[in-house]
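Here come two complexes built around subunit A, the first alongside subunit B, the second alongside subunit C.
Moving on, here comes the complex of A and B:
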């Protein structure tokens, strides 16, 4: 039971890192970014290839940088011109980008599934009670906590964080106060996609790499983001924790309905509290 | 000047008419391949594509079948039953009435009942659910690969010799995975083995940890795995990290494939499994096939479903040749009861349920000449490997 809860935490950690990038981008650009799953996948593949030259950690840095650049480009080329367009238009465009990415990745790396080994010294197991637990899974939890902490500190205490919080509440007024919101969202979207890249690389020793990996995690991350309250960091954190557990314990105790539970949870939360767990930025 | 133009025009027209006439005389054979080019089974769909492309190129290089060239068209199904049915119908509407390519059993189960209405014929080379040649059998559907109930017969001969009494099942939550789990349960209980844990994970599952932990907690000594494609890799990789692969005897179907080995490397070493086709089979026809394959796809050996799809194409082409027609009805009639040479020896197509009657293999992933690959340990002859046709099938 304790081990299953720990497993739930691992999955929650992964979901959180993917989701928090979505939250960042939504907060500033009000864009429901379907391409996020694509960035996660491209991050994993970029990390895979770069790791051949620079090792796993080098690959991670390369993937984060590459995805950050792609994000900046995305904001400049797609989000900025479309910021006054209907929300549906951006949803469709980002969904299109996801499909294009899947095809491009399949063209470059092929449809065959690839796998990545956990990097040394995280490739072993650790004795927890009488059960062996993979060390790498603990690392995933640690990375998620680090991301959560880092983001919170940045949002709370840095000037840029203040601008981000301000402009996600009211972009127009923030702009009138002299904050360059365009430049701000450029870096925030970049940060969001860089986080997608990070999550892709972190996920790769756990999950097999295939062009469809992005769309398969995207749905679960959306459940997290919506349950947490669109645009809320703390909400996403709590929702990821909850959905990780519901997902895992569901498989253990009620396997026949397990795949339904996260969706059910989302529906119940939205009925009781249409804004999700959190109302605004925290 | 004017006359030259006129001559040229007449000549061109005559040429066009001649070309039209000749193409009408030996109409092409149109094969529609509705397969999972993307999605969780994308790698398997690409295998089907490679094998069909190979077979078609080969037969066209020999001048086609009875002088008729073979043409293919592909549609992506993402291994989803509803999309597969739409794509198959689209192919049929475009004149590609000889179908193949389904990966998931659900795809083929959706298409098979429509074949007569569409006036099409289909060669299944991957889907394993029993019902396709059982309760849901169709006069227009043929199966080249080995169904679950036949795999279970082969597993039985292996399981008998294993000392492990307690087994777990890890299957995909699809018609095939559930079917394979049920077949394994039946075989195991017949041999007084207990099933102590069962898990079925949805297609494209990311985290297998809860399933793995459940198997470890159940005290199982062995685990039967019915996962394929990305799911198989995900499970194997995570099971290795949890120490399951080293601790338990692991065996499976569609799990011990050249693909799994290529992706997983050492992780896959020692995994047992059903091998429906292996490039290491020692027949002259297979060797020639493997050599020709390596010429078209340098650096690769034909994988499990590539071999099975190719032999399905061999029998299909033999059927078209025998029918001497491109009509799906004639081809289906010709395929019934046909006996022909393939890369794994002589194969017959059973009249009662349209299942290919053929041998099966069991083996494990071993180091052979410095490379890891599925190595056949036991060959099971067709009379044991292919149990009698299901009475539920009424053709």
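Moving on, here comes the complex of A and C:
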């Protein structure tokens, strides 16, 4: 049971890092970004390739930087010009970008799955009571906690964080206080996609890399964002924890219906509390 | 020097044209009232200055610098702070955070958190509570305090008396007069007869999206002023 709970935390950590990027982008741009799964997947492949030259950690840094730049470009050439367009147009464009990413990755790296080894010194196991548990999985949990803490401190105590929280709720009023919300969005979208890239790289020693890996995590990330409460960072954290456990325990104990459980959880939460776990923008 | 100048401004929301050649200016230290009945385009003048209404022709200048394109943040950075209609207190932020949102790090002056708390002590008492949880009058103080945090040369207030009790409006008027005496120029968009009289010095009257009259408030009789602002 302990192993299942820890594995649930590992998946929750990955989900959280992807989802919080979605929350950031939704808050600033009001965009339901289907391309986000693509960023996660491209991050994993970029990290895989860069790791051949710079090692795993160097690859991680390169992938995060590259994905951050791609996010800035996306904001500049897609989100900004489409900010006054119908939401459905933006949704379709981001979905198209996801499909393009999948095809491009398939062209470059092929359709076969690729694997990445856990980096030294996190490639061993650790004794937890009666069981042996991979150290790398504990590292993934630690990275997710670090991201959550870092984001919380940044949002709560920095001037930029205050601007992000304010702009997520009322961009015009925030702009009227002298904040260039366009520049702010540019950097926040970059941060959101960089987080997706980070999640892709740290997931790569746990999962097989494939062009469809982005689509798989995207659905559950949306479930996290909606269940947590659109735009809520704290809600995304709680929802990721819960859905990570539901996903993992479901696979072990009720494999036939495991894929439905996160969706069922979302439906139940939304019926009981239509705004999700947390109030918006907390 | 003109802090704000609109020259023959035409503006629209989508395809709905609202302003038809508005020209007005506010000089340093002036107290100007922009008056007119409901729906004549007074708020659209403010919205045009922050890009919320689309400028179709004409010029908007902050500190004599023509704004093109017009962006919401440029007014504040040019020393023009706005207290918008409906106050627009940011939900989810505390009173302190709403005030800090208004502070412009690169603009120096007498206004900071302590100075605003000294002017409106209730904001100090409620500093860690949500801004949106306060009463209408307190939210108006917060909106004015937030605007002052940028140490503006010009404060634009759009219907600040809306929804306030008469005694609160009197207090508001007194605080605006104090601000004006300290050298902050004021553009007051208002329909409250008493507030216009107590704060304003010069006036513009708008009708059907245009400025139709301007002059000194002291030259207007009470009856004339009432006629201009009655709904």
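As a convention for this text, the second predicted complex is superposed on the first by the 282 of 282 C-alpha atoms of A that agree within 3 Å, B and C clash if a C-alpha of one lies under 4 Å from a C-alpha of the other, contacts with A are read in each partner's own complex, and residues count from 1 in each chain.
Here is the rule we use: a contact is a pair of C-beta atoms (placed from the backbone, for glycine too) under 8 Å apart; a residue touches a chain by one contact, two chains touch by 3 or more.
Note that this is a predicted model, so its numbers are computed, not measured.
Contacts of A:163 after superposition: subunit C is touched, whereas subunit B is not reached.
Once the two complexes are overlaid on the shared chain, A:175 sits against subunit C while remaining clear of subunit B. Once the two complexes are laid over each other on the shared chain, residue contacts for A:58 go to neither subunit B nor subunit C.
In the superposition on chain A, A:96 makes contact with neither subunit B nor subunit C.
Of the two partner chains, subunit B is the only one touched by A:206; subunit C is not. In the superposed pair of complexes, A:119 makes contact with neither subunit B nor subunit C. Here subunit A touches subunit B in the complex through residues 3-4, 7-8, 10-11, 14, 102, 106, 110-115, 118, 125, 131-134, 136-137, 203, 205-208, 210-213, 216-217, 220, 247-249, 251-252, 255, 259, going by the rule given at the top. Chain contact summary for the complex, subunit B toward subunit A: residues 37-40, 42-43, 45-46, 173, 199-202, 204, 206-207, 209-211, 213-214, 216, 229-230, 233-234, 237-238, 241-243, 259, 262-265, 267.
Of all the residues in subunit C, the ones that touch subunit A in their complex are 50, 52, 71-73, 75-77, 82, 84, 88, 90-93, 97, 100-102, 104-105, 146, 150.
By the touch criterion given at the top, residues 159, 162-163, 165-166, 169-170, 172-182, 279-282 of subunit A touch subunit C in their complex.
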